[in-house]
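Structure first, then comments.
Chain nomenclature is as follows: A, B, C, D, E and F, assigned in order of appearance, with residue numbering initiated at 1 for each chain independently.
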Amino acid sequence: MVDIVTFGEVMVRLAPPDYMRLEQTHSFNVCCGGGEYNVAVAAARMGLASSFVTRLPNNPLGRMAANKAREHGVDVSKIVWSDSDRMGLYFAEFGAKPRASSVLYDRQDSAIANIEPGMADWDGAFNGAKCFHVSGITPALSPSAAAATKEAMQKANQHGVKVSVDLNYRAKLWTQEEANRCMTDLMQHTDILITTEEDCNRVFGIEGEDYEEVARKLYERFGFEVVAITLRENPSVWFNSWSAIVLHGGTIYTAPKYDVEIVDRVGGGDSFSAGFLTGYVEKDDPDYACKLGVAFSALKHSIPGDLNWCTRDEAEKLMKGGGNLRIVR
Amino acid sequence: MVDIVTFGEVMVRLAPPDYMRLEQTHSFNVCCGGGEYNVAVAAARMGLASSFVTRLPNNPLGRMAANKAREHGVDVSKIVWSDSDRMGLYFAEFGAKPRASSVLYDRQDSAIANIEPGMADWDGAFNGAKCFHVSGITPALSPSAAAATKEAMQKANQHGVKVSVDLNYRAKLWTQEEANRCMTDLMQHTDILITTEEDCNRVFGIEGEDYEEVARKLYERFGFEVVAITLRENPSVWFNSWSAIVLHGGTIYTAPKYDVEIVDRVGGGDSFSAGFLTGYVEKDDPDYACKLGVAFSALKHSIPGDLNWCTRDEAEKLMKGGGNLRIVR
Amino acid sequence: MVDIVTFGEVMVRLAPPDYMRLEQTHSFNVCCGGGEYNVAVAAARMGLASSFVTRLPNNPLGRMAANKAREHGVDVSKIVWSDSDRMGLYFAEFGAKPRASSVLYDRQDSAIANIEPGMADWDGAFNGAKCFHVSGITPALSPSAAAATKEAMQKANQHGVKVSVDLNYRAKLWTQEEANRCMTDLMQHTDILITTEEDCNRVFGIEGEDYEEVARKLYERFGFEVVAITLRENPSVWFNSWSAIVLHGGTIYTAPKYDVEIVDRVGGGDSFSAGFLTGYVEKDDPDYACKLGVAFSALKHSIPGDLNWCTRDEAEKLMKGGGNLRIVR
Amino acid sequence: MVDIVTFGEVMVRLAPPDYMRLEQTHSFNVCCGGGEYNVAVAAARMGLASSFVTRLPNNPLGRMAANKAREHGVDVSKIVWSDSDRMGLYFAEFGAKPRASSVLYDRQDSAIANIEPGMADWDGAFNGAKCFHVSGITPALSPSAAAATKEAMQKANQHGVKVSVDLNYRAKLWTQEEANRCMTDLMQHTDILITTEEDCNRVFGIEGEDYEEVARKLYERFGFEVVAITLRENPSVWFNSWSAIVLHGGTIYTAPKYDVEIVDRVGGGDSFSAGFLTGYVEKDDPDYACKLGVAFSALKHSIPGDLNWCTRDEAEKLMKGGGNLRIVR
Amino acid sequence: MVDIVTFGEVMVRLAPPDYMRLEQTHSFNVCCGGGEYNVAVAAARMGLASSFVTRLPNNPLGRMAANKAREHGVDVSKIVWSDSDRMGLYFAEFGAKPRASSVLYDRQDSAIANIEPGMADWDGAFNGAKCFHVSGITPALSPSAAAATKEAMQKANQHGVKVSVDLNYRAKLWTQEEANRCMTDLMQHTDILITTEEDCNRVFGIEGEDYEEVARKLYERFGFEVVAITLRENPSVWFNSWSAIVLHGGTIYTAPKYDVEIVDRVGGGDSFSAGFLTGYVEKDDPDYACKLGVAFSALKHSIPGDLNWCTRDEAEKLMKGGGNLRIVR
Amino acid sequence: MVDIVTFGEVMVRLAPPDYMRLEQTHSFNVCCGGGEYNVAVAAARMGLASSFVTRLPNNPLGRMAANKAREHGVDVSKIVWSDSDRMGLYFAEFGAKPRASSVLYDRQDSAIANIEPGMADWDGAFNGAKCFHVSGITPALSPSAAAATKEAMQKANQHGVKVSVDLNYRAKLWTQEEANRCMTDLMQHTDILITTEEDCNRVFGIEGEDYEEVARKLYERFGFEVVAITLRENPSVWFNSWSAIVLHGGTIYTAPKYDVEIVDRVGGGDSFSAGFLTGYVEKDDPDYACKLGVAFSALKHSIPGDLNWCTRDEAEKLMKGGGNLRIVR
């Protein structure tokens, strides 16, 4: 019995070391990542019982992806295994101003893109669960993945499991029109929306004077239980600032803005989702959830790889004012 | 104007260091390789003017593959560039007895698999060339790649360019029946056949008492100008023995058998092809060609990666009896 | 509910790369290992549901050790966590003839050495289990660890869980006299004994003409259900031969002798234990168990680290004659 | 037939990883670099047909240097090979404020220092070329290298090839007096001068209120067709700002000032030269050339090694306002 | 005959590369460090004849620690060797804002913690020496180490060797009360005190309006010959500012405040001690000593590992205004 | 006061990892080595007080070379420092059968090649010493180095210090005729000659039926006190056999022949010299000296780098029959 179930693609990530360019490198650092995968791992590190559902090829790369979730205590028993499909990959290149970091996806025809409704055991997965999380990437993978996403959300609704969606628009996967049509449909099954101001505009055409207005417009159009918007400023590649706001029951909750020195910002938003959902599911306290999510995800930026290797204890300490940057001895 | 043109797939190769397994690794060493690519590079190192024809995605991985041929002086001006396809990849795992080394291909839907007749500038490529080399892997990639291979061979015949084929059967790509049908058809355009006893049996059903008999049966069935068969013994993963025989004008030519300590045997056969074709094209001397090919490819086993970083001078020295294993100072 | 429970120490292992000596190195490769830990992981890879019981400090090193078992699917919910003790470490140095590989332990006062009877939840751990495995290292760690080992064996006897012991004598931890006294006492709770000829002599003073005689003497003195003896020959550091015999119901079962090229032989014996116990627990077939254990552990020698990253499928293929050492494509 | 020919030394560069000091390191990262070599490669990446002329020892280090230019498509057929000389080397150490990065040269008696007039095939090299580029380093290598530089410039003048000089003063190679005498002489053959305010002062004793005045004084003294001055500010080791101005036909052209996070600033000026010359040679547009050169070279600072692995497309995007530092997906 | 003798623990330090977390890493960079060890090495690099006294296990790790001091010319002949104790270790994790760097000690029961009065040859060590340096860490290791520290200080007093103490409070090793009692006692043997405002408060309960007042209060309470206080500001993890003040003969001496880009700040304070003591012992000039100490230790922040691989020449150049951050060629 | 003084060149060694070729590598492992340097370090590890005399540039590379001798306890106070010369380098490439390992020297004009008689403090160096060791490489570096070598040998004779010479012929440095003339002259100052059968033939034209005869002919021609000849067989690159014989007082002493698995054979002969001289100087026992030298140098082959990181204890254990290749725990 788990607290949170997430569903989506996990890819093997290949990243050149030392700011080398893809074309230049002679080695890759290897890890695994993907929006909902990162959330499942981060939720497990926050202390939730989490389960990750995906479809993987039954080969060493697929096993690596499952292993590395299991390493953090994520339940992988609901993963669907395929004997023939390929593993999705992505190549990540780290930059320095004025060269932004970048990502080259190689995820066509991956096992999860070929998932179809009926393949996953949603009744088993949702039995006793409190929350289901998926991002806008999963339905963008393929029409059958979109159908499987809708199936999962409907099942979650039937099981009384709260549905959280990270809007996450990926221009390489579909057009804004396609995203709008599909995501608008899925919003009827959604209780919790997590997004950025920009994605909100690209997918739903919603703009506002400020983050609060965007949150309120989302709330008005779709009637979510709670909306969270993450806020990032990019003055350079190595330094960002990071925060979020949450709208719940008409009230806006905020968190401190953290200055972050960036080792690897991939998965920052996913860490927010996990921290926020942990606080929200555990304590039903949107203020605490927002602050926990922001502190936990601020820490993520300091860690190489998609995953957040911090502990809940570290996030709570930071929340409570642990801004001391002396060496911890 | 080039001496030799080769045509086939080049993949980015990802290999864990230090005998680690794919499922276990946290980094990959990166290089590029593929049968005909390896031959083009090795021929360039032998001193031939060589050109490599393939189809590559116009992204950093595709550029890397072209660059690394160009690094050795291979002409890459006839490569066909694609704005949408993906790069073929393969994962290589190095073993130790009793665990054999192994390879996991991820090459579906690569740019070269989607090549079609008419895409490559064969008239430009073959202008003044002496030899065209392709392996049985290229037509196995897809029906359109098979058609493009046939087109290339016909063009070579028209240009009076000798056609060399390395039979190279890949069970992951097609069945023995498919291979038999396609390769039998292509043999009519073939002047030089390079193969192993085992592939000969798997593709053409030809067996013999010994290597000589196999060579003679091949000769009888297809009427090749020359046939070369490489001979490998695998007493362990780290130690092999390696040689070849050549049948030309009814005469069998042999080379010494080398004991090889194996750093990386991938591309060993391709180095033989390059060394053999160099000797054959340059001097029309099958005995010299066989000995040069074997010496050059024996050296390949000591070098990491698909490519043979030896020089012609080193191969010639070994041929002339340089079995001294003291440190060269 | 698990098939097999193992109990013992897991250490963080620090090993210089590239045959460097400890005194010389500027980096360490990190992994985790320990006799019973290795068995738990290897059993999980064989397809058993396995659980590992130990005591770990609640710090990043302790969490790493638990994570890396969990990565392979081992249940770690019965691990006892300590807020104050230290993590056991060991330093491993890889050699080349005539310099043998060597190990420097730094395991004094580790959390597991400070375990005491009553700390672990044996009733929970053994509920529904089929087999309990421990080695002679665990009781050697400290008197309280010896008492905890005896407690575990008694509990296993009460739950009807078969008790397997790997005799494993460690001269750095106790004298032969101490080992003899303690292990002789523990043998009354033991159903399955796994050992080497040498350890048998050092702990019990049992010698024989050959391995069979040693097995029979063990059987006669202690009345085990089954005895397994592993056989290693060390002609050099990089090449060994490896096999085992099993005595069950008066019959000796043997396995083929494998020549192994050695990447890392640490954990070879543990892989045998896991493979043997898997076959024995699943099928009650000592012949199959012996052959499976030897094939699986022969493969271990080719893999860096204490753990066996092979699959059951690979072990079964090797058992069935897969001696082909060509590249698997 | 090439667009641009460059002439100078290429060295093998040895750099400790991770900010280690030379005295401290146990490994070196290897690449190749040198002012005019960097320009040849960067021009090839900009899309020009470029050729690099130097003199190299015919050993693995010399071949590596030629290979790595060829990797980017640079023509290396005009390189002069020596059977006896040594390869120039340099050691690079990366710092952090207040420790500046530093370089230790080991280039005495390199093959290129021993070049003499008559050795290189300038008529072949300049046939059809548009531009010849050399820096103040080449004549500083030795008197015979200075004579060969003068020979090359005269030949370029004869062939109607525009001559570009990067003033580049190296205090380790010659005194300011020597530089003044030699460079003043060479200026009569020079059409395009690229320099910094500081080098201008050190070599020609020219100072000014600001960069513009320096450019105008250079123009007045030597009558160049065009003068470019690069502008760097060093507030710290890891952050610089970077720009340039160009004086042409009496008009000053400027480019935006870029803030750059520094991975490796070696070769930054060379990238400017290549970008500037590309724009100038292709379009005869000093404004575009200045902006292209600055954008392309700003990107260089983010890439390890002497070479600029960016593409022209990336430089053009940055020029057109691509200051977005989000991850490119 | 040496100038300076230091006494304390040296540990083997294990640090994950690339900002990885301990729990996450698969390798450690290895070096050796410890407060007084770092001072001994840094003093040797400053040109003093220095000797380091400790107690080490006679195994490869103990030898590594002695070797790496000897590498810099430190005399290690007074080290006490143990055949049974263990080597102290520490794990260092590098962070990025808002995650501070941190250290996990594993130093219990190290050979030096088990040192006892009478074990070290203090008469031999102090023969002709000018200065003895120890920190507040050494007496905190164990009661016997505290007794040995007191013995050493008394011996130093007898030999007329000036005693320098770095107050260095370590909360993991003892309480503030224990530290207060022990260190107050040791102050009677102390001539030179080096500390920070914070440690002064934690150990002696001394606070002040500013650094000067703290220095004066220390002077008043204990009557030291000279007091030095280092000043660090931590606006982020990667950027700090660094300086110090010295109180001597009633006068306050100051040094410039350096902005430092941080590669590794461990050992920064120790470098100050070494630089300061060098200046003070050599020239009896507190102003020069303060400035030399600050310049030398500012440079330390740019170097990986505990040790300062700069030269005295570099420190002097920085003192004299070498703020130029261009590449040193 | 030292036991043994050695004199010669130390170079920084740059070696590609993982059997990569020089032309192919993107990194070098760094260490320091040179015949007499290796002997000085190995003698220090054997327990002798040793001193190394050379001439080094006063830059980070020169300091690294001195540091790394000092790390092992070698006295470096007699090294002559130069402010202008360069450091000798060598590039080492590791092979696999049939590709032998090889070395590319880059040592022209190194500081030691420019040494001249009168530069080194021989009276200081030899004060109280027992043995002086030099190889045939040092006089081959340059005429002035040959003169300095002769000066050193004469001074050693005057001080009653026994002179040991390792004949070591390097064809890259001089012709056999040059070597013959110079070395014949130096033999009059030589007490102990260490060589191989092959070098003996190349330098002195001495051949024999077997090793004994060669030793006897050397003895007869030059009247040495003792002659040692090392014996290597190269059946492959990764496996050799290794031994030596000693002729003293008309008697031949032999050592067992060791099979060695080769990690790095560079410095094997130097380790023999050090072990042999240790035994000979300490105990005047040629039998013990021969056996100690062979055991110690057999171990060297298992260690990366020029230096022998074994201990005397390990060498003595091997001598006494420690052929057990099990893991040392």
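What we mean here is this: a residue touches a chain if its C-beta (ideal position, glycine included) is under 8 Å from a C-beta of that chain, and two chains touch if they have at least 3 such contacts.
None of these values were measured; they are calculated from a predicted model.
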By label, the chains that touch chain B as well as chain F are C, D
Set C-F beside A-C; more C-beta pairs touch across C-F
Relative to chain F, the most remote chain by C-alpha centroid is chain A
Taking each chain's centre as the mean of its CA atoms, the one lying farthest from the centre of chain B is chain E
Rounded to the nearest Å, the gap separating the Cα centres of chain B and chain C is 45
Per the C-alpha means, the centres of chain A and chain F lie apart by a whole-Å value of 61
Residue numbers in chain A touching two or more further chains are 21, 23-24, 26, 67
Chain-chain contacts, ordered by label, are A-B, A-C, A-D, A-E, B-C, B-D, B-F, C-E, C-F, D-E, D-F, E-F
Listed in rising order, the residues of chain B that touch chain C in the complex are 18-21, 23-24, 95-103, 105, 170-172, 234-238, 265-266
Given the complex, residues on chain A that touch chain B span 14, 21-31, 59-61, 63-64, 67, 86-87, 89, 91, 93, 104, 106, 108-109
Chain E partner, complex, touching residues on chain A are 17, 258-263, 298-299, 301-305, 309-310, 314, 318, 322-329
Listed in rising order, the residues of chain B that touch chain D in the complex are 67-68, 70-73
